[in-house]
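Working notes, beginning with the structure itself.
Read from first to last, the chains carry the letters A, B and C; within each, the first residue is number 1.
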Amino acid sequence: MEFTASQIASFINGRIIGDDQTIITGVAPIESAEEGHLSFVAQARFVDYLRDAKCAVIIVSEKLLTDIPYKPTIIAVEDAYLSFQILMNLYQEMQGRKSGIEDGAVFHESATIGENVYIGAFTCVSEKVKIGAGSQIYPQVFIGKNVKIGKNCVLYSGVRVYDYCVIGDNCIVHSNTVIGSDGFGFQPTKDGYQKIPQLGNVILEDNVEIGSNCSIDRGTLGSTIIGQGTKIDNLIQIAHNVKIGKHNVIAAQAGIAGSTVIGDWNQIGGQAGIVGHINIGNQVKIQGQSGVNSSAKDGEILYGSPAINAGEYRRNYVHFRNFTDIVKRINNLEKNSKDNTNE
Amino acid sequence: MEFTASQIASFINGRIIGDDQTIITGVAPIESAEEGHLSFVAQARFVDYLRDAKCAVIIVSEKLLTDIPYKPTIIAVEDAYLSFQILMNLYQEMQGRKSGIEDGAVFHESATIGENVYIGAFTCVSEKVKIGAGSQIYPQVFIGKNVKIGKNCVLYSGVRVYDYCVIGDNCIVHSNTVIGSDGFGFQPTKDGYQKIPQLGNVILEDNVEIGSNCSIDRGTLGSTIIGQGTKIDNLIQIAHNVKIGKHNVIAAQAGIAGSTVIGDWNQIGGQAGIVGHINIGNQVKIQGQSGVNSSAKDGEILYGSPAINAGEYRRNYVHFRNFTDIVKRINNLEKNSKDNTNE
Amino acid sequence: MEFTASQIASFINGRIIGDDQTIITGVAPIESAEEGHLSFVAQARFVDYLRDAKCAVIIVSEKLLTDIPYKPTIIAVEDAYLSFQILMNLYQEMQGRKSGIEDGAVFHESATIGENVYIGAFTCVSEKVKIGAGSQIYPQVFIGKNVKIGKNCVLYSGVRVYDYCVIGDNCIVHSNTVIGSDGFGFQPTKDGYQKIPQLGNVILEDNVEIGSNCSIDRGTLGSTIIGQGTKIDNLIQIAHNVKIGKHNVIAAQAGIAGSTVIGDWNQIGGQAGIVGHINIGNQVKIQGQSGVNSSAKDGEILYGSPAINAGEYRRNYVHFRNFTDIVKRINNLEKNSKDNTNE
């Protein structure tokens, strides 16, 4: 798809400086933008790129413009970052959505779908599945029996949804994520571990996004729940019967153990671990790699393994870094103390 | 499937209090059980739920019953938890197993299968594969050449088994787990890393369960082995030539590096890492996020990175938490010592 | 495939001691080699195996041979390890490569492939994909539109490559790895997190190998880049717009956050985490489980979370392990100090 500077400017109510017929063939960040590219400058520290950039068109925040002549065509707007976002969303919309069931998909006769649903090749849709209007199910997805998927969802290639799981509206699930595998529940006996049947499901509420290669286990009984608007990165473990509230962000490779309850608007860092059966309040920040082993109140900031108050952890860690010196000081004190005693 | 209280009671030799024709339409934990549900109470702390629960039927341990009238139908048994497990296992059995090779599966003519094997759509069964009676291979699984799979196994959708790997009887492997990918072996040369061919395989002994999105690498030569009855959670890394014994449990996101040997009945916590070429004995407990970098004897309990005795780690960590105070005390001692010297 | 000792010796210019017609039916490490196996001894500590090994043929470094009679046939060479590697590579070559598009693959009419390309069953090749000569695409792979794949690549079963990603020559990608899923980019608003479109791609340069179950996210704008010859283990997270240079090795379960730039010849340990927006130089070693939160210069060795100089970390950790004793010493000093003052 090609656009002119004039077309772009009209989408975002921009003012053109330069040739309004300049053709745009691609998009790039200003540092690496090349011929034909559209880019943007929204911060003063990138202003130097304006003069010599090789790209075709740059969207610039009005206040960053000066009198110097620009080589690329400029589209001046109030907030270049915001305008650029609007454009990118438009661009994605224009990429078009597929619809219909592709040849080679297996679609059970008892399954039902809304309007404009797309089911890709080699995808299996099992008994009594319901899929809402506009949802895009890519090729090679597995959808177990009695699964419900809402409207306008996107399930990328290789997603697996086990029986009875429920996905709300506007959810995105990236490739090879598994929703509803068995929780890790075994009873020790003298002959070995006996499997505890995992009979619950997973519920994703509306507007949830889950990255690639995540594992969201089904509840033993009842549901594992990911609340509305929560965003989950890649390679994340959510164990059985975890309940996660609204608008949380969880970074890659974090793990949450069984039955833990998490509130709203929390930020969980990459590779953090949270033990089972605890409560995390709201607006808690957990630093990357932390190991949270007790409940956390609203607004806490945690760090370390086991995790403690982040400020405290950092102060103590400074002393840890000086530990060799500190021990030398203790050695000296002991030496002096002994000298004193021997006097 | 619907059941009556009377049918349920007959399965577990229970005594009914209330209407033995009460219909059960689902199962839930007592905290969230709703109309029509079957639940159970096996611990004193849940007894208060008995009176007002909205669910249809509750299985209760005999000793927890009192004289008060109950709203739901009660089935009294000796151990409600155990009886409930028995029921759940029965229920899963009754769900029925599929058999036959579904349309759209690729099944090589040299492959052989036992009775009542199920092969789902879009699954590939390569040359000379052998699959034992009763095994259930879900859709979209890849089984490489010369792979052997025992009896009554379940391989969920998206499992990949590379050439020559061996899976015992009664094993369960969850979606998107990879068995037999190449070990991470490269020789450094001045021009870059040269791949060392990975010619071994993976052997899962009987009764092994592996969660979703795990990576079990093949041996460079010889086998990577997961011993009988060992249970592995999700997103776990088992490197080339690791040997794991019997009846271990390994929690999510743990990783074990190459050629390490692990005994029996160990418990390895979530996100723990174990370096290569060491020995872990039997009945060792490794706390979550620990980094084990030297061999461990039978019965050790480890924590920290690098991991040390867990009790020791916790005691030292208490001092770490007080480090700022401890440094203040040293400052004071130095001040006093100086005062003394200057006297 | 069967070989004689004489055939093997001819491949590696070896000198035979014993029966040159001995048949080889398999390959194993010397500790577990059985009848019919070929093995090798390249280190003095394995010499005792030579006399009694049950295997058929052993390749031995010339300098390790003595006068004692050997039961297996011996092939003497200068460097047994090197000769064995050469053989193993030959063996893999001989396994044969498939070519052609298997029945059941979906291959878009606008896609183009070079000579001797193999496309497995249930693989989807989308619009305008280009695949270079000799590449092997296993079954059940998804290749999005406009993807370019170079020559002699291997993509194992279940790999997902999102639209517009680029893979160089001689790359290997193991099962269920995802290349090009969306970066984790959201703008907080009072109503929840707003998705930032992820419009870039992923570029793997030549000779890159990526293990199983990895997630390599596409750039927000521009590319996430894995440089030439870099080797990546299993279950690894590479976030959006990360740039990794040449000849790095990254061990399992490591994670690198967004926009971080990594030089050449670095070694990153298992489960290590690197925060976003920093620079790692060249020949840096990052120990397993480290949490790197600031830029690192060439040749640094890092350990700990947050990571510091590895030697320093280890020295301080020794004191941490003695923390209880150290606190006792401080208690004593305070007691003595008080005694002195009270004198």
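Points worth noting:
Everything that follows uses one rule, which is that a contact is a pair of C-beta atoms (placed from the backbone, for glycine too) under 8 Å apart; a residue touches a chain by one contact, two chains touch by 3 or more.
None of the values given here were measured: they were computed from a predicted structure.
The two sequence copies chain A and chain C touch through a face in which the numbers common to both fall below half of the numbers used overall.
Chains compared, chain A against chain B: the Cα-based superposition rotates one onto the other by 120 degrees, nearest 5.
For the pair chain A and chain C, the distance between mean C-alpha positions equals 25 Å. Of all residues in chain C, those that touch two or more other chains are 104, 122, 140, 158, 176, 213, 235, 253, 271, 289, 305, 320, 326, 330, 333, 337, 340. Residues 27-29, 32, 39, 85, 88-89, 91-92, 102, 104, 120-122, 138-140, 156-158, 172, 174-176, 207, 209, 211-213, 228-229, 231, 233-235, 246-247, 249, 251-253, 270-271, 288-289, 305, 317, 320-321, 323-324, 326-327, 330, 333-334, 337, 340-341 of chain A touch chain C in their complex. Put simply, chain A touches chain B in their complex at residues 104, 106, 122, 124, 140, 142, 158, 160, 162, 176, 178, 181-182, 184, 186-187, 192-193, 195-197, 199, 213-215, 217, 220-222, 235, 237, 239, 253, 255, 257, 271, 273, 275, 289, 291, 305-306, 308, 312, 315-316, 319-320, 326, 329-330, 333, 336-337, 340.
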